[in-house]
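Which chain is which? They are A, B, C, D and E, in the order written, and residues in each are numbered from 1.
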Amino acid sequence: MNPIAQEMQNIAKELLTSGEVTAVIGWEKGTFWYQSTPVMITSAEEADKLIWDEFCQPNLSKYLLDYRLNEGKVAIFVKGCDARAFNRLLQDNQIERQKAYLIGIPCPGMKDHKQAALVEESAKDSVPLAKVCQSCRYPNPVVYDRLIGSEVTPRATEPDFSDVMALEAMTPDERYAFWQEQHTKCIRCYACRNACPACNCRNCIFSDSKSGWISKDVNTSENQFYAITRATHVAGRCVECGQCEMVCPSNIPIMLMNKKYIKDINDLFGKYDAGIDIDTPTPLGHYKLDDPEEFM
Amino acid sequence: MIVIDKNKLTDLLDALNQSYQVIVPAKSADLTQFMPYDAVKEKNAEIILNENTVLSPKWLFLPQSEGMYAFWAKNKKLEIVDLPSDLEKMRIVFPVRHCDVQGIACLDKVFLDERHVDGQYLEKREKTVVMALMCNNPKDSCFCASMGVDRAHANNTVADVQVYDLGSEYAFEALSDKGQQAVEAIKALGSEKTVAVPEVKEQKIKVNIEGLPEKLSGMFYDSIWDSFMFKCIGCGTCAFICPTCYCFDINNKIRGEEGVKLRTWDSCMFDEYMLMAGGHNPRPGKKERVRNRFLHKLEYFYENYQMMLCTGCGRCLRKCPMNVDIVKFINQANAK
Amino acid sequence: MSSVNENFEPKILVFACNWCTYAGADLAGLSRLQYPPNVRILRVPCSGRVNPQFVLRAFQRGIDGVLVCGCHPGDCHYTSGNYYTRRRYLLMKRMLEFMGTDPERFQTRWISGSEGPKFQEVITEATGIIKAIGPNRKMRDDLTIQAAFAQRDAEEEEGEAK
Amino acid sequence: MKKYAYYPGCTLGSTGVEYGLSTLEVCKKLGIEMWEIPDYNCCGSSSAHLVNPYLALGLSARNMAIAEEAGLDVAIPCAACYSHSKAAELAVKESPEKRAIIEDIIGRTYKGESKAKSILEVLAESLDLEELKAQVVHPLKGLKVVTYYGCLLTRPKKIACDDAEDPIMMDNILAALGAEILPWSAKTECCGASHTASEPGVGIGMTDKILLAAQKSGADCVATACPMCMGNLDMRQVQAAKMFNHNYNIPIYYFTELLGLALGIDSKKMGCDRHFVPAMELLQKYEKGGEQ
Amino acid sequence: MKKVGVFVCHCGSNIAHSVDCAKVAETLKDFPNVAFSTDYKYMCSEPGQELIKKAIKEQGLDRVVVCSCSPRMHENTFRNCVAQAGLNPYMFEMANIREQCSWVHPDDMEKATEKAIDLAKMAVSKVCYDEPLEKSYSPVTKRALVVGGGIAGIQTAIDIANNGFVVDIVERTPSIGGKMSQIDKTFPTLDCSACILTPKMVEASSHPNINLITFAEVEKVEGYVGNFDVTIRKKARSVDMSKCTGCGTCWSKCPTKVPSEFELGMSMRKAIYTPFPQAIPNKPVIDREHCLKFTKGICGVCSKVCPAGAIDYTIEDELVTERYGAIVMATGYQLFDASVYGEYGYGRYPDVISGLQFERLINASGPTMGHLLRPSDGKEPKNVVFIKCVGSRDENKGKEYCSRTCCMYTAKQATLVRDKIKDSKVYVFYMDVRTPGKGYEEFYNRTTEKYEANYIRGRVSKITQEGDKLLVHGEDTLLGRPVKVEADMVVLATAMVSNPDAAHLAQLVGFSYDKDGFYTESHPKLAPVETHTAGVFLAGACQGPKDIPDTVAQAGAAAVKVTALLSKDKLETEPSVSVVDQKNCAGCGHCVNICPYRAISLETIQERVNGKTIERKVAHVNSSLCRGCGACTVTCRSSSISLKHFTNKQILAEVDALCLQ
């Protein structure tokens, strides 16, 4: 049992017995060795379910949306990206700060469970870090009530746009072929939307066929409309937690589109990291008189 | 039984491809699914024989989005137009693992029910030869044995040809006349031999479904659901990759005066699934939806068709983003 | 690009803001400034009303070129509409190119109520370019419908041919 | 620890030697590291721009490019060198075409990121006047000074290192040393520059006007930051007096000399004994503890 | 079942010459939902409109599309026409097949007709989604607020009050009067400023409909046109206004002397003071920073000597909230700080003064009782130099704009000097002389001829002190040589700039201001006294530099705009506004920040969720503030907010209509 998991359990026991929180949300071991999935415990005895390993990448902040109605506090464990996701929900007025007790854990970077699924458990060490974790700039939670362990040095200071630039280098037709192939695979299961902390609408225009934006037909064009629109909706708000790519059953590189928007926003309107400072309005939520001008 | 050497696989597929449209499980653009053999050759994708695909072969019979008929207004009068079927040649699917064959059997129960036979589904079933492969290298997520799937002999209401993997050779045994024609086409590649059914390796996951439906029928208000419902994020992954989920939604796609009536997959995990006029939703929360999914798979379907609606293919175990695990549920339900 | 047949007539959609570009288009009309007839103008209260999803929908429906036009920053009748338009479409233009659509098919331009000649020039130039690169094949969504009515259209052609 | 690239130019080795010596001494004392630009060339200020404007810009751009490669801003004592180096920096920053031509001439890239700064700017920027007061060894109390900025440091507006009409950088530094800065009317008048040689009637008249104004203001001495102004006011003071029958004996100092004196640097080491108008006598009064 | 009527207009030959109107009408006949389609020579004419009304009645049409000229031209005409036929005026759309079709494709009949058909189809598709809209109404409070008590504020208040409406004036200083009360004479008539101002001040203070709230500031403004809730902070005067008779005993006995702001520091006032003798209300105020009672807790002489016992040190600031129908900003201007021009020595040489200081010196109630004396030694100046455009028309150090009034008041001041001191000499350094008003040029000519003011065309480079004289180094561009003038006194005509807190006040009330801090009018030519925010008007120099005649004219204009607004019992608002589907809205608040009119606010609503009533925040659009720009509909990701008459469905329908075979 590694020390962090031990301390997680102690804190959970302490919070639950003291009654400060009505529930604690953490991770428990899933069916396979590369799966650590969310669990909610409401009594101190269940605390030993909580674990901490290098597959705890599901983002717990969005579960708070299910508990915004009950009175008590809910404790959740937050890595760097989860904390940014929490700020995202806070900035979108979807949760109240005092209804959540955040236990921050500096994150060493989570492994890519899709690569892990292809190998045996014995080859655990050969599994690479998830793509977003390799160039993670905020491993230490930016907001927490309590911190376990000590801060870790970020693995990068500048975002890594190499994959975006690789695609930009292609000709328009090559890029179009690339995205056609990717969006043909999409089965519109909306896992990317449901896992994304920036997608917190009450009912989404895509699950409401009366909205008129999109028909229920599943073909490459409608899938592409969905993909581009979702990327545009989270532009300037995406906290780069990489959950959309993690949960996609068809392995579509969704983060490529989000990172393209982030790169453009940085170039055009100045470097901006979502979910860090909740007071500054999001890039598309305000404007400057001297924004770059290309449309004269 | 016709026995054909494994290294003749491509010749076998080419042979079949003359008269049939061959469909094989393959991996392209980092996704494993059943694809036409021509597309596989064109993209030189890798054919997947040792595990089941992420997307089940369900789409061959119940496409994710299928036009039922077209309609248009000819000077203010409605005109219905049948859609041309896009199945010119007979299709042959090789290899289909027993869990997917069982899945198709479940779909047959629903779409070929004698009270109402679904024309489009029937046409696709009749025009497809299913070659079931007895797989003896199960993945660690497979538990079809525990779900009552015969590891040795595929469900013969669906499988037209039973194929056995003898290590370096395949043995083909025709089970239906459609199957017989298919075996005829490849007879030349191998020789006639009688072969014993190879025995099968143990599966890691075992689960006891004895008397489960009856037990579950009394557990609607049980507290087991609270712990299970929490993790689900309400996406449609499990429903869309599951070989047996058959729920669909009917809607229109209209362009001015003309349009197409569409049948598209739907998932009971979506909140709009049960949304009724006036805004009422009998299954508003995740708890009701997860409960409905498990009960439909393990109880309701059994009460109607004496067959589990879960064939133990293990896809939802692997692909559910939050690992809502049906096996864990069954074990906890049995323990209650 | 395959050789484009000469009689290809592109269909171009212009989202025009009511207070500036629409007035500019009217002024072009008043001054009888001619431009190619391939353009259809859709009036919106402000360029800030044009949702990038409309642009996607236009390409899906087979429109060959889309222009989003509004007042020059600072002139907006609603004080800040076009500042948001500028931010949204600086990003949307790059995303459309990132998705592989031909860059010439989408433009955003500021045209004021007094710039009739500029409206004429922008439209003529855009039509010329789009005519050169041919019809838009990308992101099209009306293929299921066309397939459904291929038979009927074929019969109609035969009927007309007889 | 501030660090600048140092560009002495041609005058600080010849007619303005005391300016160079005093600047380096003062910077050493104040802990400002000066890295002399290796293999620097003439800044093209005297006549290059008559031949070809890009020759002048190219010459100073080359020095700036070397400094940019070392990632340092350039400290330039001489006003003329400063004026031309700043012009090169602005030309490169403002128009890509000019930048292309200039880079083609000097055969290396110069983005305009390293800035040209007059020594006045450098001292004003890196000195905290309170700290400076603490370091003063010989306070200049009682010394009446008029500050003379001349034209190259203040015109044209874009290049000016201080307010073109009412520059005060030198005033603030000398006031911090305790000197009394008198208001006078010729702060930014032109000293006649090279006209004193080519057109003495006009040139020397301009120099005389400045000296007269200084005398009228009752100042003990004039402080300046430009070797050419020093040249005219100091070297030609006697000639101007004779020509316009005035009587002057006003020592002219580089402000760095006064700064050095206040910081306790020996005036000989700064070359103060090389002036035309005897300058040592006034300085020694302060070296021996200043006015009682 | 929707029944659309399509009416194609020939517009004489304007459309018909290049669009086959009959064909358009014919083709539209079998377009979905079209029940009636015809064409006619002049749709906008009387018979044309009759045709529409008849068709509506006979065919039972519920929507009408007219394909003719630009909606910017005849949309209202046709809306009234369909309204008269009993149809809701918003069940109507227009296709612009003239300015944007026939006139621009004159020699291509086939393509122009095809385009006209497309435009008609777009209009019909859109009209199918039109919904009947009613103009909504909001109440109007019959009371106006004027911020600022200078001549602009006073005149506005008087004009509003004379129209029978109650108006409050909020003035920051203890008395109304503003800058005009500091001025001596006014151009071009040279009549004494106090003589024409004081009667207006008295009229304002005695008018039954006007309430003076002096020594007070606007603290907070909420609400919208017709219903502004304004919180005013009445700063503590420490004098009970009801008791005080203004006898003056207190300020005669008060020991503390303080430089008087009114006299620009050139003379002193007491800690308890009225700014100037003719102050209204003529009741003193205690300056708490300097009064010994408040700073050291000693003295208190004033309360002892006050015959009426009106002094009360315990009075504190008082916050008053009042509802107003309209607000007029009349906050005036300030003078440019001339010390920015170090080379002129303003602030260093005492005899270099600003125009306003000159006004005080020459004013009879000023520090020198009207004798023009040098602040340095009190002597009478013989040579006076005026320098114009100090801070105006100078992007480097000052403001880029021209301050309009300096030329005239400098000419006036030059005349006064020459008039007061017979043997004086006056020099005026100028770039141009701008005399844009009635009688202005004649006044300027009198200044140069009769009063022999020397106008030198050129800028002044610097001013230096030579003994007790000021040496003005300038240039005479007409002679082409530098000039030096020995002067006893130099008067700088400094620029008119906005008040330092103008930007803060604009954000407080909620309207925009320009880069120089002046308030932005709705349209420079057609709406100079209105702002983009409904119900907020401007008067005087706060909108831009101007002289007294223009200020009074603007005050009158603003008053009329206010009375036009207040005379209505309810305000009609444009129905094409945004509306929120509160069931769908998640309350994320993105639309709130985007709305340029602050029309959207987050509001708490109650909802029953599986048995419990819960409260949550959703967006709410104030329909009387919303102007229908639609920016919120795009930032709303879940499309919960939609703009009536331009909904997503309508625009999508138009886009789809374009692509039908």
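To be clear about the criterion, a residue touches a chain if its C-beta (ideal position, glycine included) is under 8 Å from a C-beta of that chain, and two chains touch if they have at least 3 such contacts.
Predicted model, so just to flag it, every value in this text is computed and none were measured.
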{"item": "Touching subunit A and also subunit E, the following chains", "value": "B, C"}
{"item": "Chain pair with more C-beta contacts, D-E versus B-E", "value": "D-E"}
{"item": "Furthest chain, CA centroid comparison against subunit C", "value": "D"}
{"item": "Identity of the chain that, by mean CA position, is farthest from subunit A", "value": "D"}
{"item": "Where subunit D and subunit E are represented by their mean Cα positions, the distance between them in whole Å", "value": "51"}
{"item": "Intercentroid distance (Cα basis), subunit D paired with subunit A, Å", "value": "59"}
{"item": "Gap in Å, rounded to a whole number, between the CA centres of subunit C and subunit A", "value": "36"}
{"item": "Euclidean distance of C-alpha centroids - subunit C vs subunit E, Å", "value": "39"}
{"item": "Subunit B: positions in contact with at least two other chains", "value": "253, 255"}
{"item": "Residue numbers of subunit E (touch at least two other chains)", "value": "583, 594, 635, 648, 652, 656, 659"}
{"item": "Where subunit C touches two or more other chains at once, by residue number", "value": "52, 57, 80, 84, 88, 142, 144"}
{"item": "Touching pairs - complete list by chain label", "value": "A-B, A-C, A-E, B-C, B-E, C-E, D-E"}
{"item": "Complex contact set, residues of subunit E against subunit D", "value": "341-343, 345, 348, 396-397, 461-462, 464-466, 471, 473"}
{"item": "Residues of subunit A that touch subunit B when the two form their complex", "value": "30-32, 35, 37-40, 58, 62-63, 66, 117, 181-182, 185, 187-191, 193-195, 203, 207-209, 215-219, 246-247, 249-251"}
{"item": "Contact set on subunit E toward subunit A in their complex", "value": "583-590, 593-594, 602, 609, 612, 614, 617, 635, 637-640, 648-649, 652"}
{"item": "Of subunit B, residues touching subunit A in the complex", "value": "29-31, 54-55, 64-65, 140-141, 227, 230-231, 233-237, 239-241, 249, 251-253, 262, 264-265, 267, 270-272, 286, 317-319, 321-323, 325, 327-328"}
{"item": "Interface residues, subunit C side, partner subunit E - complex", "value": "9, 11, 13, 18, 22-23, 25-26, 28-30, 32-35, 37, 40-46, 48-52, 54, 57-58, 61-63, 77-81, 84, 88, 120, 142"}
